[in-house]
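Both complexes below contain subunit A, partnered by subunit B and then by subunit C.
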Partner chain A sequence: MSSARAARLLHAANPSGILVIVAALALWQIAVATRLLDLRYLPAPSEIAVEAGALIASGKLFVDLGHTLGTTLAAGAIGAGIGIALGIVFGLFQTFRLYTASSIDFFRTIPVTALVPVAMLIWGPSNMSEIVVAAYAATWPILINTAGGVRSIPTRLYDVAAVLRLNRPALLMKVVVPAAAQQILVGLRLGIVTALVLAIVAEMLINPRGLGWGVISAQNALVPERLWAYTLTIGLLAYLLNMFLVFLVRIALPGSARQMADAR
Partner chain B sequence: MSAETPARPRREGPRLAWLRGLIPLALLLAGWQLLSTDPLRFPPPSRWFESLQLLMTQDVLLPALGHSLVTFVLGLGIAIVVGVSLGLVIGSLPRVDRAFSPLFDFLRGLPVPVLVPVTILLLGVGLGSSVFIVAFAIVWPILLNTALARRTVSSVRMDSARMLKFGPIATLTKIVIPSVFPAAMVGVRIAASLGVITTLVVEMISGGRGAGFLLMERQARFDSPGMWGVLLIIGVFGFLLNLALAQIERRVLRNHPGSASAA
Partner chain C sequence: MTTVTPEATAYAVDAVGVTLPSAAGKLEILKDISFTVGEGEIVGIVGRSGTGKTTLLRVLSGLLPATAGTLTAGQKPVAGVPDGVVTVFQDYGQALLPWRTVGRNVELGLEAAGVPRDERRDRADEALRMVHLDGKRNDYPWRLSGGMQQRVQIARALALEPRILLMDEPFGALDALTKASLQDELLQVQQRTGATILFITHDIDEAIYLSDRVFVISGSPGQLTFEIAPGLARPRNQLVTRAEPAFLAAREELTKALG
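Right after this comes the complex of A and B.
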């Protein structure tokens, strides 16, 4: 391995960044162990790790993780279907845009969490409530980004399509969707991450399942180690999910990766 | 739930043309009013206002909205102060920036609702812990945008500060802050719309006070007209806030051409 390649790998691994996280955990461990930081409900990282190990061994953590992740992906798929379709229509047709823009803005800017009790009222404490809330939240970033992507397609691409006498389906699949793909993927990533957050809110408040409910039940049982174990698991899940989506985008659209990573 | 890429369509056609865009919403509400057959779950909008009036006379509605507003404003204020100052420091120290970026990425990505039980367990329930959660949840877009803008201040500008023999304070107020201002504003806009969501989540999970709690409580008491009414107020607030922030951002970016947003 050449030294340049090694240096690049080292750079990508960001050793100083890992060091900061390790140092933060060590500081936390020491502060609690030496009772420098003596809060009744703040366990040391080692105690949290032991509890997390027990949760993994019993399989409970994976069941909860599966529920939350499954709901998130299902909601993301629903949001993608609605968001991409509506976004393309919204981006292509000015008349449609004119007669819906303010209404869409209204629905988009309702603070989504306020819809959790509404879902509870309509569907009760069920998976349905959770999926609807998460899918609703996922739809808007996908719709907005798709519409933005479609609107910024340069007119000369349409000219090319006209010269080639593409019919409407071909125009859509061969020109519009590929040209807007990058923005659509930005929207998808934001939408799925948003769906995860709303799924967790719904689990905490109305649907007693999944990781969100794990947090609440640990809080109710006053088991801080389990509370922290679930909290950190959720944090890790969100982090990895985001990284994975950025990675997927990089594979799907090489070259656009840098802009994608920055466009948050 | 970080940021949506702002793609607000530019105004098309004459002024007030945007009112046409409200037609679907108006039709929905009108149809709901006329055709509502499920008063338990979908009470007609006219009944929402009766319930809201009742909440007003019971002196419940305004204190709840006020409490939420105070939480939101304090949280946003703290997030702006902390985010901009930390962002300036981190942005001017590339090594520190790089070392902290994985930790910040993790904290920023942490779904806000899970902060609530942990914070309550440590700090108890109260305005203080609510404001803390809101500020912690929304500081990231401001901090990261400011840091990125600080990092990318053109070296020509910094050199001219040195050439003019500016002291550190003059460099800060005359060069650095004007350079990062537009990017910081973009961060503030994202933080503000996140802040409303966060404030409601905190109140819904921790209970006690505020509009988020009122919403949950109305639902739990099967006062569905009251719940829809409170939702309408929250929705209108979110809409107007977004409108105002978009206006401010447009003005800021127009007055600072060249220093493009870092969002």
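Right after this comes the complex of A and C.
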């Protein structure tokens, strides 16, 4: 490994940031151990670690993690399909915008959590409910960003496509989609992170599976170590998922946009 | 000046007018425009801002339908972008696809025409050679200077081997030296390909230097008010041609015509 690459990795790992986390955990540990902080349901980090170890050893944590992650990705994919397709139509056709803009604004601004009970009544305590809620939530940021990306395409590019005699599919695939790609990818990242949040909410409220249910059942059983283990797992999952998506967006960008971003 | 016979007519424009809806009711932009352009001819169109020059070029390129009169390109009525006609725009920064390399920008029209990959590559390389950009195929356009970017756009048009090249103020955004070298390149390309060229410019000297005939559009709605064939010797030379008596005479007449 070259020293430049090592320096970059070190920078990416952000040692100063990790130091703060380690220090905070240490303080927490000391405060609880010395009874400086004496709350009945606040365990020390060491106790949480032991519980997390047991959950990992039994395989339960991975089953729950797999459920939540799988739901999130499935919902993200559904949201991407609907959001990108509708976003392109919305961005391209003024008439469609005229008829649908108000409805879209209304539906996207309803806090999705308020729709969780609706899904519960329709589909019951099922994976279906959870996926529908998460996919619904993922659709809007993808749709809005795609539409914005499409609308910001310079009109000159449509002239260019016309004088070069591109037909409609070629216009879409060779001009519209790549021109909007950067914003579509931003929408995808936001959409998938939103899907994760709603998957967990749905697991807490209606579908007794996954990490969200893990948190709630630990709370009900008055086992704070387990509750914390699940909560921290959710935090870690969200953090890693976001980081992975940022990375994915970077490598998926069309060549020039990536170079432009790197040049900045 | 080229003698225009019906068989060799690139454009026949007869009483063309354009009226567009606007906030203040209907707006007549062009009125009663008539002219013919022979194959292989170079015609420059000059006029003040707001006289409808760009609108005329959009009509010729098939991007905007005329609302009055008739218009044929290569003996066929213009409805949509005509066969063999390619337009080059002034704003190369917006007209090139920033996510495609120079080579892939030049290939775009060929892809749309269904040209196989190997042939596409050859024709793009050939077009890039004509504008002296061989070696830039794998660069992204936004890494190039303005003059080079405009060359890419011209190469993209040339790759389609157009019979008619329309250009909307092609060198308007470039500095004087770049402009001069691109003017000479354009003349070389025209000599090689025999393409008909119609272009718009603000620059009277550029119009005279490049053209067989120069049209003046003036008024509102814009009308064709003056036409001159400077009759300059070929090949042109930036220093010699611009000092020719015929050049100076044409410049004087055009300046008067533009008022």
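Criterion: the second predicted complex is superposed on the first by the 240 of 264 C-alpha atoms of A that agree within 3 Å, B and C clash if a C-alpha of one lies under 4 Å from a C-alpha of the other, contacts with A are read in each partner's own complex, and residues count from 1 in each chain.
In the analysis below, a contact is a pair of C-beta atoms (placed from the backbone, for glycine too) under 8 Å apart; a residue touches a chain by one contact, two chains touch by 3 or more.
Treat the numbers as computed from the prediction; the structure is a model and nothing was measured.
By the touch criterion stated above, A:110 is placed in contact with subunit B alone, subunit C being left untouched. Of the two partner chains, neither subunit B nor subunit C is touched by A:76. Residue by residue along subunit A, subunit B and subunit C are tallied for touches, and B comes out ahead. By the document's definition of touching, of the two partners only subunit B reaches A:205; subunit C does not. Shared-chain residue A:140: touches subunit B; no touch with subunit C. When the two complexes are overlaid on their common chain A, residue A:45 makes contact with neither subunit B nor subunit C. Looking at the shared chain after the overlay, A:170 reaches subunit C, while subunit B stays out of its contact range. In the superposed model, A:178 makes contact with subunit C only, not with subunit B.
By the touch criterion defined above, A:159 lies against subunit C but remains apart from subunit B after alignment on the C-alpha atoms of chain A. Interface residues of subunit A, counted against subunit C in their complex, comprise 154, 156-157, 159-160, 162-167, 170, 174-175, 178-179, 181, 254-257, 259-260. The part of subunit B that touches subunit A in the complex is made up of residues 1-5, 7-9, 12-13, 17-25, 28, 41, 95, 98-103, 105-107, 109-115, 117-118, 120-122, 141, 193, 196-197, 200-201, 204-205, 212, 215-216, 218-219, 224, 227-228, 230-231, 234-235, 238-239, 241-243, 263.
Against subunit B, the residues of subunit A that register as touching in their complex are 14, 16-21, 24, 39, 41-42, 94, 97-107, 109-118, 120-122, 140-141, 144-145, 147-148, 151, 183, 186-187, 190, 193-194, 196-197, 200-201, 204-205, 212, 215-216, 218-219, 224, 227-228, 230-231, 234-236, 238-239, 242, 263-264.
Across the complex, subunit A is touched by residues 61-63, 81, 85-87, 89, 91, 94-95, 97-101, 108-109, 111-113, 140, 142, 156, 160 of subunit C.
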